[in-house]
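Shared between the two complexes below is subunit A, which has subunit B as its partner in the first and subunit C in the second.
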Partner chain A sequence: MSSDMTGTRKMITGAVLLASLHFVILLAGFVAPNDPATQNRELPFVPPSRLHFVDARGHVHLRPFIYRWAPHAGSFNEYDESRDREYPIHFLVAGTQYRIAGWVPARIHLFGVEEPARAFLLGTDNFGRDQFSRILFGGQISVAAGILATLISLGLGTLVGCISGLYGKWIDEVAMRFAELFLVLPWIYLLFAVRSFLPLHMSPTQTFFLLITVIGTIGWARPARLVRGIVLGARNQNYVKASRGFGASDLHLMRHHILPLSYGALLTQAALLVPQYILAEVTLSFFGLGVSEPNPSWGSLLAILQQYNVLVSYWWMFAPAVALVVVSFGYLSIANAFHERLQSVSI
Partner chain B sequence: MFRLGCVATLLLASGLPCFASSPPQTPLPGEELLSTDNPIGRYGGTLVVAQRSEPKTLNPVTAADAPSREVIGRLTADLIHINRASQQTEPALAKSWTVSKNGRVFTVKLRHGVRFSDGQPFDADDVLFSFKVYLDEKVHSPQRDLLVVGGKPIEVEKVDPYTLRFTLAQPYAAAERIFDGLAMMPRHLLERAYKEDKFATTWNLTAAPAEMAGLGPFRVREYAPGQKIVLERNPYYWKADRNKNRLPYLDELVFLFVGNEDAQAIRFQAGDSDIISRFSAENYVVLSREAAARGIELFDLGPSLEYNFLVFNLNDLSSKNLSKIAAKQTWFQNVRFRSAVSSAIDREGIVKLVYSGRASPLWGNVSPSNKFWVNSALPHPARSLDKARELLKSAGFSWRSDGRLVDRQSQPVEFSIIASSSNAQRSKMATIVQDDLNQLGMDVHVVPLEFRAVVDRVFQTYDYEASIMGLGGGDADPNPEMNVWLSNGGTHLWHLGESKPATEWEAQIDLLMRKQMVQLNYKQRKRLYDQVQELVAANVPYVFLATPNILVGAKKKVGNFKPAILDPNTLWNVEQLYFLPSNGSPPRATQ
Partner chain C sequence: MRYLQRRLVHGMILLVGVSIFCFLLSDLAPGSFFDEMKLNPQISSDTIAALQSQYGLDRPLPVRYFRWVKSVLRGEFGYSFAYNSSVRSLLLLRSRNTIFLTALATVFAWLIAVPLGVWAAGQPGRWLDRICMGGTSLLLSLPELVLVFAFLYLVIRTHALPVGGMESTGFEQMDSCAKLWDLGSHLVIPVATLALASLPLLMRHVRASMVETLNSRFIQSARAHGIGRTRLLFRHALPAAANPLISLFGLSVGGLLSGSLLVEAILGWPGLGPLLLESSMSRDLYVVVGIVMASTLFMILGNLLADLLLVCADPRMRVT
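Our next item is the complex of A and B:
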């Protein structure tokens, strides 16, 4: 009973964490104070804006404010806070145009400061672009890639698994040997190979769909084996045999008697696959094979850490990795909770 | 081991220096050593340099890549040498030379008593042999083109064992500069391989050190694949300091292969290497933070001779199946389009964001540091989007309601820029150019590709729309640039393989470049080359971006370190480098 309770609590915690993260990423344009592609060429590698409550004269402000960053004299990547004016943080302010979830145009941002200051919650990158906004927009690409590729994988896997499990014999043999082949393939290298065969000049949208198709298609084998196992087990159950005896078609059997048994396993599988596929997208983008500049993805944001000087100088460039870890943790804890639940049910 | 230790102790006890490699030979009577004027150093020590990649060969005739040439340059010597500090020619293996009045005949006197690193004597027969190999078409030497003047190869005759006569088909400006970097090779070791048609494969990395000999300050001792190549002192080297101490001072020179520029910086920071050449401005910032504590000194030598530029594909694509690119060429071929692009680019932004300010913006092919040849009258227009829009409008372009630029046929202007992904600077430049051109309503994609893929597309398949590339850096003289500007030149990137000049201005450039090549008077040559620079700036075949500063560093204990903007920036005087004594006492040479 108590383990059930902790399992449920874990699942709720994970679900709430994930839901809020996805909500923020979905509404990236609203939450992000700046446009992710706008370069501020005077402000490369600005450190995160510091929130202040007490100004230079010692006055306490109830509304938090920031100071502008001004380049340190004689230096290119060092900054001082220019304390001549405070820029209070305002909520629900009008700013650059964006589209909610890539669709509805809007101008209202969750927070912002008055021009010419800019709120850089996580500093800027080498072109002076707001890192916080780029992480949110990059999340849209990385997380959507993970989820969509998972759907493709599960769809393909379920299809192959059902056919294989239900019809058996040589179909099963061929499908499963094929699946084993896919399982032993070093998939990351396969992704590189596939990507390098494709044309270079593609729009970001094309690249994105190509990425998820490639990632999703390569990963069908594991869910296929899983579903096949469940179908094989269910096929010889008495209620299935009875249904067949009453003249039920294969499709009917599948939909009403066999597949429902696999939902739990598929959900667990999905929660495992999403972070794995987010990581696949991140890896490809890290090596420059993902969506191109200036569109961010977590992988392309992390790619700059390949440069030694960035690695040792600007800690805020690691922030996308933290986002990646948190999202992966959320999915894995849900997968874990699902798994525990499934086990307790089957026992 | 024990016996060696004893010998070392004995030598030390007797006040003699202990050499890790063969000690320098005492001069023979009649040996004409070249006396250098550097401050006197001291013998001993191993200098370590980290290289980005491994040399591909040690064969001076076939080597084409920078790492190979860097190592080979320390193993070999030339007849006449360009002093990297003064940028002027000076005697090397040739002790003197005279030029006939018509500028076509060079008579060169060789230094007496010079020996190869295996102790064998060097004379005119070795020079004859070396030129024969360089000029042999079957050997495919990258230097051969330089030795063909007026369509005919240079003729070489032996007058006596120490005198040679070189005859050119036509006068050639700065002809003595072509001798720089042409390694003189030992006939006694290589003639057999040459006669058996095996020359191209001799002196590769697996060759035994005993089979190789050169006239450079060092000779090969050991090669560890993937790790390092160890060079030791050439005990017969033909230079000495003014106290008659035979150079080089160093016992050994080691090249480590570390993979990339960041690794070079890390190894230098960690103290594993003594000298670092040509590293990025970002790493300069990182290294300078701890420079004093780590006993290193960094130098910013100012703008290099390299020029980075954006080039549009203007090649003749009729024989290729590239109709999409061919359609876009109607934009690229319009000089107003190219000028508009040039006007929209934020060169100051590139200098700041790509090079942390350690670079110079460029509006022409000659770097501001090339004082002898730069046309300082060229205009340096500031960035202006308004001017760019005007130019585009006058060329028939217009803007849609959503701000996108379209041509006369209402086709949106959209193209991609390829850049080498291994060159972080060029990728960054591409991103800045993309953002700048976006502001004109152009839809530009950046495609980072592996360096070889970029080269392949630009030189072979022509399957690209625009590219960011870099050229130059070899010599300050205009002649090595011939192949870039002549319409049939091998590096005439925007339009390769022209059988005749495609445009009027390219024909003019051809004429001017050919004229300057045979003009012996510097002022008149400069006037001709100034005109070339004006034509290039007016017709924008390349949109010039920036030239990086040359940044180098060395441990403070390296003496006589005199970096230069010409290649090789730091090791050009390696025979004079030495390690200062750690106790700070004044250096002295002992032998």
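Our next item is the complex of A and C:
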């Protein structure tokens, strides 16, 4: 009983964590104070803005404020806070235009400061672009790629699994040999090989849809085997036979009697696949084979760490990695909770 | 033995399948290695056409495939446009480095995973078990990409180890002892990353398999006979729990190879990974095909090795 309770609690914690992360990423334009592509060439690698409550004269402010970063005299990439003016942080301010979830145009941002100061919650990159905003917008691409590719994989897998489980014989034999082929291949090698045979220079949307198709298609084998196993198990159950005896078509049998059995397993599979596919997208973008600049993705944001001086000097460039780890952790803990729940139900 | 034979045949079919798949894909792909040359005004279109016909790129797909198969039978695996040499000579050296790295990482990962997993299974729910389970679920969500940068950060900050590549400059002039030391210090980051990345999955499987075994009757009776805990765990339970783990060893080769591609490319380790990236970018067709074939071959060999180990470890396997 008690273990069941903790399992439920774990599931709820994971679900809440994931839901809020996705919500923030979906509303990236609203949460992000700056435009992800706007460059501030005079402010490369600015450290994160510091929140202050006490100003230079010793007055305490209830509303937190920041100072502007000014280049340190006579040195490169070093900054001082210029304390001559405070910039209080305001909530729900008008700023640069963006589109909510890529559709509805809007100008309201969750927080911001007055011009000419800018709030850099996680500093800036080599072009002076706001890292925090870029992580949020990059998350839109990376996480959407993960989820859509998972949907493709599950769709393909379910289709193949149903057909090969229901009709069996040589169809089953051929499909499962193919599945084995896709299962044993080291997936990154396959991914790169497939990507290498596709054109390198395309529009960002084209690249994005191509990426998710490639990633999703390569991963069809595991869900296919899962569904096939369930179909095989259910096919000879008495209730299915009875339904067939009453003249139910294959499609009806699948939809109403067999596939509902696989939902739990598919959901667990999805929670396992999403972080894996996010990672696949991140890896491809990391090597410059994904969505191109100026559109950020967690992979292309991390690519700059390959320069050792950046790696050592600017800790905020690690932030996309932290986002990646947190999202994977959320998905994996949900998958874990689903798995435990399924096992306890079946026993 | 019949089983092994069947596995070998399966492996061969798999290799042929992968090669056909690669060629089909390459035919669908627009562009070729010589596209960049076409942009160069100093190279006439006749030269490019001559080059293309020399490499047989103007032939239809089946002809190209059979030419490639012939070249495989000669042991050449096609020709690299960029390196101007046979793919085999490229693959041999690079594969050696990749195998060396992944094998070492595998050994370390298992050396850590087995004792920890067994020990954690011996006292489920106690503090060691809790730490192990918590640690593995954290490690599971840390991909190689993140791990390798974390290690790099530490190493560059402390100047403890050389970074990048496989050997320092002036490697040829060193005596053998210094050579070994140099190679070893270059190995630390990639091996640590790969081992740590594959550790959590291994440990979970070891623990799960052990917990199942420890619940069986013969362990209860052994315990009742008063056999000590360490001896019980490692001498009696571990061999009984080993079979799924040995199969896992074969399956984990693929994941390890995938991880090593990333680590190699980031650290400049002269293995298959950087070569694949390079040839992907320049559309060096036969090198890409060759590398995919090589990685498939490693997978098959890994599974075969696991089967052999299974035969050695479990007398029941020898009867059938």
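In this section, the second predicted complex is superposed on the first by the 347 of 347 C-alpha atoms of A that agree within 3 Å, B and C clash if a C-alpha of one lies under 4 Å from a C-alpha of the other, contacts with A are read in each partner's own complex, and residues count from 1 in each chain.
The rule is simple: contacts are C-beta pairs under 8 Å (C-beta built on N, C-alpha and C of every residue); 3 or more make two chains touch, one makes a residue touch a chain.
From a predicted model like this one, the values you see are computed outputs, not experimental measurements.
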For A:P294, decide between first (touching subunit B), second (touching subunit C), both and neither. first
Now for A:W187: first (subunit B), second (subunit C), both, or neither, which partner does it touch? second
Looking at A:L332, would you say it contacts subunit B, subunit C, both, or neither? Reply first, second, both or neither. second
In the overlay, answer first, second, both or neither for which of subunit B and subunit C A:Y308 touches. both
If you count the residues of subunit A that each partner touches, which comes out higher, subunit B or subunit C? C
Name the contact category of A:Y239: first (subunit B only), second (subunit C only), both, or neither. neither
Which partner does A:W170 contact after superposing on A: first (subunit B), second (subunit C), both, neither? neither
Partner chain in contact with A:W103 - subunit B first, subunit C second, else both or neither: neither
Let me test your reading of the model: by the given contact rule, A:R41 touches which partner, first (subunit B), second (subunit C), both or neither? first
Between subunit B (first) and subunit C (second), which does A:F286 come into contact with in this model arrangement: first, second, both, or neither? second
Check subunit A for residues that touch subunit B in one structure and subunit C in the other, and list them. 200, 308, 312
Which part of subunit C faces subunit A closely enough to touch in the complex? 14, 17-18, 21-22, 25-26, 28-31, 137-138, 140-143, 145-146, 149, 152-153, 156-157, 163, 253-255, 257-258, 261-262, 265-266, 276-277, 279-281, 283, 288-289, 291-292, 295-296, 299-300, 303
Write out the stretch or stretches of subunit B touching subunit A in their complex. 262, 265-266, 280, 282-283, 285-286, 346, 349, 352-353, 356-357, 416, 418, 421, 424, 428, 430-432, 434-435, 445-449, 465
Which of the residues in subunit A end up touching subunit B in this complex? 37, 39, 41, 44, 76-77, 126-128, 200-201, 203, 288, 292-294, 307-310, 312-313
Residues of subunit A that touch subunit C when the two form their complex: 180-181, 184-190, 192-200, 275, 279, 282-283, 286-287, 289, 302, 305-306, 308, 311-312, 318, 321, 324-325, 328-329, 332-333, 336
